[in-house]
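When the chains are written out, they are named A, B, C and D in that same order, and each has its own residue count from 1.
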Amino acid sequence: MTESDLTRDFRVGVVGAGMMGADHIKRITSTISGARVTAIVDPDETRVAAALENAPGAIGYSRIEDALEADAVDGVLIATPGFLHEAVLLPSLAAGLPILCEKPLTPDPESSWRILEAEQATGRHLIQVGFMRRFDPEYRQLRELVETEQAGELLMLRCAHRNPAVPESYVQEMLITDSVVHEFDVVPWLAGSPIVSLEVKHARRNRLTPERLKEPILVLMELENGTLVDLEMNVSIQFGYQVTTEAVFDSGIARIGEAHGLQLWHQGRSGLAEHADFTTRFAAAYDNQVQAWVDAARQGTIAGPSAWDGYKVAVACQEGVASLLDGRPRTLDIPDTPEFYR
Amino acid sequence: MTESDLTRDFRVGVVGAGMMGADHIKRITSTISGARVTAIVDPDETRVAAALENAPGAIGYSRIEDALEADAVDGVLIATPGFLHEAVLLPSLAAGLPILCEKPLTPDPESSWRILEAEQATGRHLIQVGFMRRFDPEYRQLRELVETEQAGELLMLRCAHRNPAVPESYVQEMLITDSVVHEFDVVPWLAGSPIVSLEVKHARRNRLTPERLKEPILVLMELENGTLVDLEMNVSIQFGYQVTTEAVFDSGIARIGEAHGLQLWHQGRSGLAEHADFTTRFAAAYDNQVQAWVDAARQGTIAGPSAWDGYKVAVACQEGVASLLDGRPRTLDIPDTPEFYR
Amino acid sequence: MTESDLTRDFRVGVVGAGMMGADHIKRITSTISGARVTAIVDPDETRVAAALENAPGAIGYSRIEDALEADAVDGVLIATPGFLHEAVLLPSLAAGLPILCEKPLTPDPESSWRILEAEQATGRHLIQVGFMRRFDPEYRQLRELVETEQAGELLMLRCAHRNPAVPESYVQEMLITDSVVHEFDVVPWLAGSPIVSLEVKHARRNRLTPERLKEPILVLMELENGTLVDLEMNVSIQFGYQVTTEAVFDSGIARIGEAHGLQLWHQGRSGLAEHADFTTRFAAAYDNQVQAWVDAARQGTIAGPSAWDGYKVAVACQEGVASLLDGRPRTLDIPDTPEFYR
Amino acid sequence: MTESDLTRDFRVGVVGAGMMGADHIKRITSTISGARVTAIVDPDETRVAAALENAPGAIGYSRIEDALEADAVDGVLIATPGFLHEAVLLPSLAAGLPILCEKPLTPDPESSWRILEAEQATGRHLIQVGFMRRFDPEYRQLRELVETEQAGELLMLRCAHRNPAVPESYVQEMLITDSVVHEFDVVPWLAGSPIVSLEVKHARRNRLTPERLKEPILVLMELENGTLVDLEMNVSIQFGYQVTTEAVFDSGIARIGEAHGLQLWHQGRSGLAEHADFTTRFAAAYDNQVQAWVDAARQGTIAGPSAWDGYKVAVACQEGVASLLDGRPRTLDIPDTPEFYR
């Protein structure tokens, strides 16, 4: 897709129409600006049919090769199980298409290496791997804190990844390959230094974990620059889902992942940053509002405060200004709601 | 726009190319799915020219009537100062187009009433007013709490609206018409009951407020169902921007608007809801990730973890699983970064 | 007690052996340094007998006059119901003994005025009134913030006093005389300025409050220096006991009174246990208050609210009850401070 | 002191008139009920003279033996450096007096074992060791949570001990013997299970730590019941003093030790003041500890960590220092609990 194409949407082929694929289809269709799903690829026809309902204008395929041959897509989003990634990555690379590949790239270093070679052969950076924590606002704030050394150099990371429970398909080694895998990406990205060694230790076993599992575990990592990392990995904690990181700096502590934003301990105080103005406080509200209006307007209706709401506020403002000026209480005199607005 | 048109984008005409209009143009172009800006209307040619740079494919107009005549838009977003709203609303209504009108609808009850009559004459609900707080996730949680009566009936609302400072154009009556106006809409919406009377009281004057202002003020409101509301309105608080509401129920208290989510005091404890799973904790991360990829892919590049990042994680997983099984430390053996990925 | 007596304990007579008296007896015996209970005065012999078990070496009396005649005490702590205070205060003053008198000084301005005259006749400051909030560590921190103007001048106080429930003996006017009474003392102390007017407003009635009560209420107060105060008074909130103050300054906000300590993540929420009643919320305040009184009384002085503070609160209560009943604003008519209390 | 003496104060001899001793003298004189300082023992006459000013009625001695011979005390509080403890403990035990001994009991397992034998020879529990965390309200709440299993069984403890800085006398092994030593006592007490092995790991070195130190460190401990503990030990964190514990249970998480009290919104942030050092963080713990000891000693018993607890900590310190120096894991070899201490 060349720059001159920026007035038309980027055509995405989603490979894998399971839960994760369906989620991405919904996202691209309803949330992402400038893109639309034009192909859904899955050998299971029933899943393809269900997915197509949420992607107006898309076409279903059973194999990635067919979608590529039909020139139906500008890019490929891979949402199959990890062991099937290689079979989609190679033809997509051969077709020279940009790819967003859900983590892991592939399940083992050997196959990952083959992918590296295939990408290099194209001479372009085509593959982006779906380690989405790098896009989380709080991880970004924390990384900025590391880079700016506002509280000094990073010394330790103390992480916790807690799931309330896991499905039956979750087996012991997935503690690493499905869960800790995220830290393996984001920890070096945060610290600016690669992992050089690691070690796993077992805590007392949770009695509520399934029989096939032995957890929680503690994963210790050492980074090349000396940063020490300890990660509690926990998949039966019941109370909720929590992914936190406490970063120890020379002269302060920062924590992310609690039910609020980045919290910083520095110079005698702990605290949270306050909003500077409405653009951050109400960013989501503005986005949600306009999206709701666009969606409703396309259906010929509204999805928010009506003109009648606007009228009532005009009355309140008139009386409010009067009371502001003379300090006296005011009664609001609102006509009966017109039939039309009931 | 009929339902059959859902495969093409909704064409928005933005009227008013000042700060608010520019913000909406950026939003529709970069964030909102299924819509694009096709017309920018403003008598100031310089502003139109600047705004057009952020709206590829849009055309500039000096009057709304010209844009309507050219059949350039499916809907109108009004972002002019309030006193100009009526002049845009009436022709847009006459054209039968859906309208998102920034607050206030119009500056006074008389002109608002004229708009109501014009809309009713079209026989359709065309106007949505931009009281965006109704779209804020926390206000929505609070409203749900009121509706479900989880902590009993709503008895009081204790609100605060705090700005660090205001621009020179901000005059005394704007405490009501520009700031408190939001509460006039959202308070009845939260409580499910209209305002029947109000009163403004003055606190000790802030020495840091501009000479032309006398604030903070306290606005008291009584709702038809007996709910009592007190609102602190403050525009020189310096430290940051804060809009909070504390709701008093029969058997509990809820607070929204602090630098975290809805906090509930109920049954002997205070606290915050925890995430149930990654879909809420990392919702923004997933959206941001895919948008970043789409934007980069259209430019022929990536904007996130590369295949090389994916390879390194595959190595860490391999060693991590080994340590999980035998509990022994492991060193990670990563080849030198290929030239291509540096 | 002269300074040379500092090596022996200060002998306290506790008048009133009900719940509050028993609590003070336990405090002086087990927590307070340099004092011990030597007399317990109550007409109810059963209560005296029970109280004596927790005060080794003390003697029981049915009337204060008997304890005074026996020279059994160095100071008097009055913990009877308020309407009985005058009958204990007058003979204790006549005996020239230091007195810690539970709030209120007396129930009305007229009787409070008689006490002022009796104390002035002794020529010494003998009476300290039991407004223990002044001894709470957080109120002290807040007052220091007001005094140092670290965040600028104080402009507003936004208070809440929430009880889970009240006993059967609690009637409507006690909203003012038993509960708001604390704010009548501590608000001027925090702000450094007296109350000049007040007004009571009713919120929607809590369905869980007893039939005889109509609450929550909102009490508005204006201080001489212009500070505006709004207080939510709530006695059926069920979830716990909470007394909070949010102070609005020129350039910042401070809040005291929220729960803290062990934080628990469990069953979908994170949070803190709320206080069940004042005994935990104000435990340190009660201890600090009695220790301060003992230390001061041994030196022949007081270290807390004086009888004059008690008088001013009696006036505020009288006007507060009037406004509670008819909903009309009231001005407080306080005489000039007598020379003796300046 | 027999029960019949409960009407007179318990006479305490404080040994060691340095900073810690002076703090205890002030505590016993002004805060603790039922006790007073009657002897101050220190070879340094200047320090004794200074200390006597805060202890009306007390007498100075240069050796503990002189105070014992003079029958000047009912109990002994030892606040000398640890290496001098044995020389005070042995004659005090021989005199049959109750002893509150600041941690550590003695600096090494061999001398601690000698104290155990001397105490057993008296046939009474006379020694209480000053591990004051057991008296901190939050540690107590956490222990209760472990015992009641309200959130399930305890699986992990994730601790942090952070000092802003340390004095020049603080050397590398004191990371274990002066700081981690507290966790060696309180962790088994919280978890209800002894430490069986430990290991020390180094994080990236803090550039702000003195040249003679290499920290922060991470101390890993395994308890007999399988509970895994990781402790961050940090003595140059600058921002404040913080001692926190996060406990991982089957179905929830609990955290203690964060700051609280007055919350301030100012200059772009909201937050709480951090503790400056242990005197504010553990003020209540020290008071509660000494009061508990006085109350128990008057009844002829102890109410806190015993000499046996002191011995076990001496073993953990010995192995902890060894692991600190060579980085290798260590198993703790604790003899069976003597009959006397069961």
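Points to keep in mind about this one:
In the analysis below, contacts are C-beta pairs under 8 Å (C-beta built on N, C-alpha and C of every residue); 3 or more make two chains touch, one makes a residue touch a chain.
Everything numeric in this text was worked out from a predicted model, so none of it was measured.
More C-beta pairs touch across one of B-D and C-D than the other; that pair is C-D. The chain with its CA mean position farthest from that of subunit A is C. For the pair subunit B and subunit D, the distance between mean C-alpha positions equals 53 Å. Separating the centre of subunit A from that of subunit B, both taken as means of CA atoms, is a distance of 20 Å.
The distance from the centre of subunit C to the centre of subunit D, with each centre set as the mean of the Cα atoms, comes to 37 Å.
Multi-chain contact residues of subunit A (touching two or more other chains): 201-202, 220, 238-240, 242, 258-259, 272-274, 276.
Against subunit B, the residues of subunit D that register as touching in their complex are 265-270.
Residues 238-240, 242, 258-259 of subunit A are the ones touching subunit C in the complex. The residues of subunit C lying in touch with subunit B in their complex are 151-156, 158, 160, 162, 201-208, 216, 218, 220, 223, 225-228, 230, 232, 234, 236-240, 242, 246, 248, 250-253, 258-259, 264-265, 268-274, 276. Interface residues of subunit C, counted against subunit D in their complex, comprise 6-7, 9, 29-34, 56-57, 137-138, 141-142, 145, 150-151, 251-256, 258, 260-267, 270, 291.
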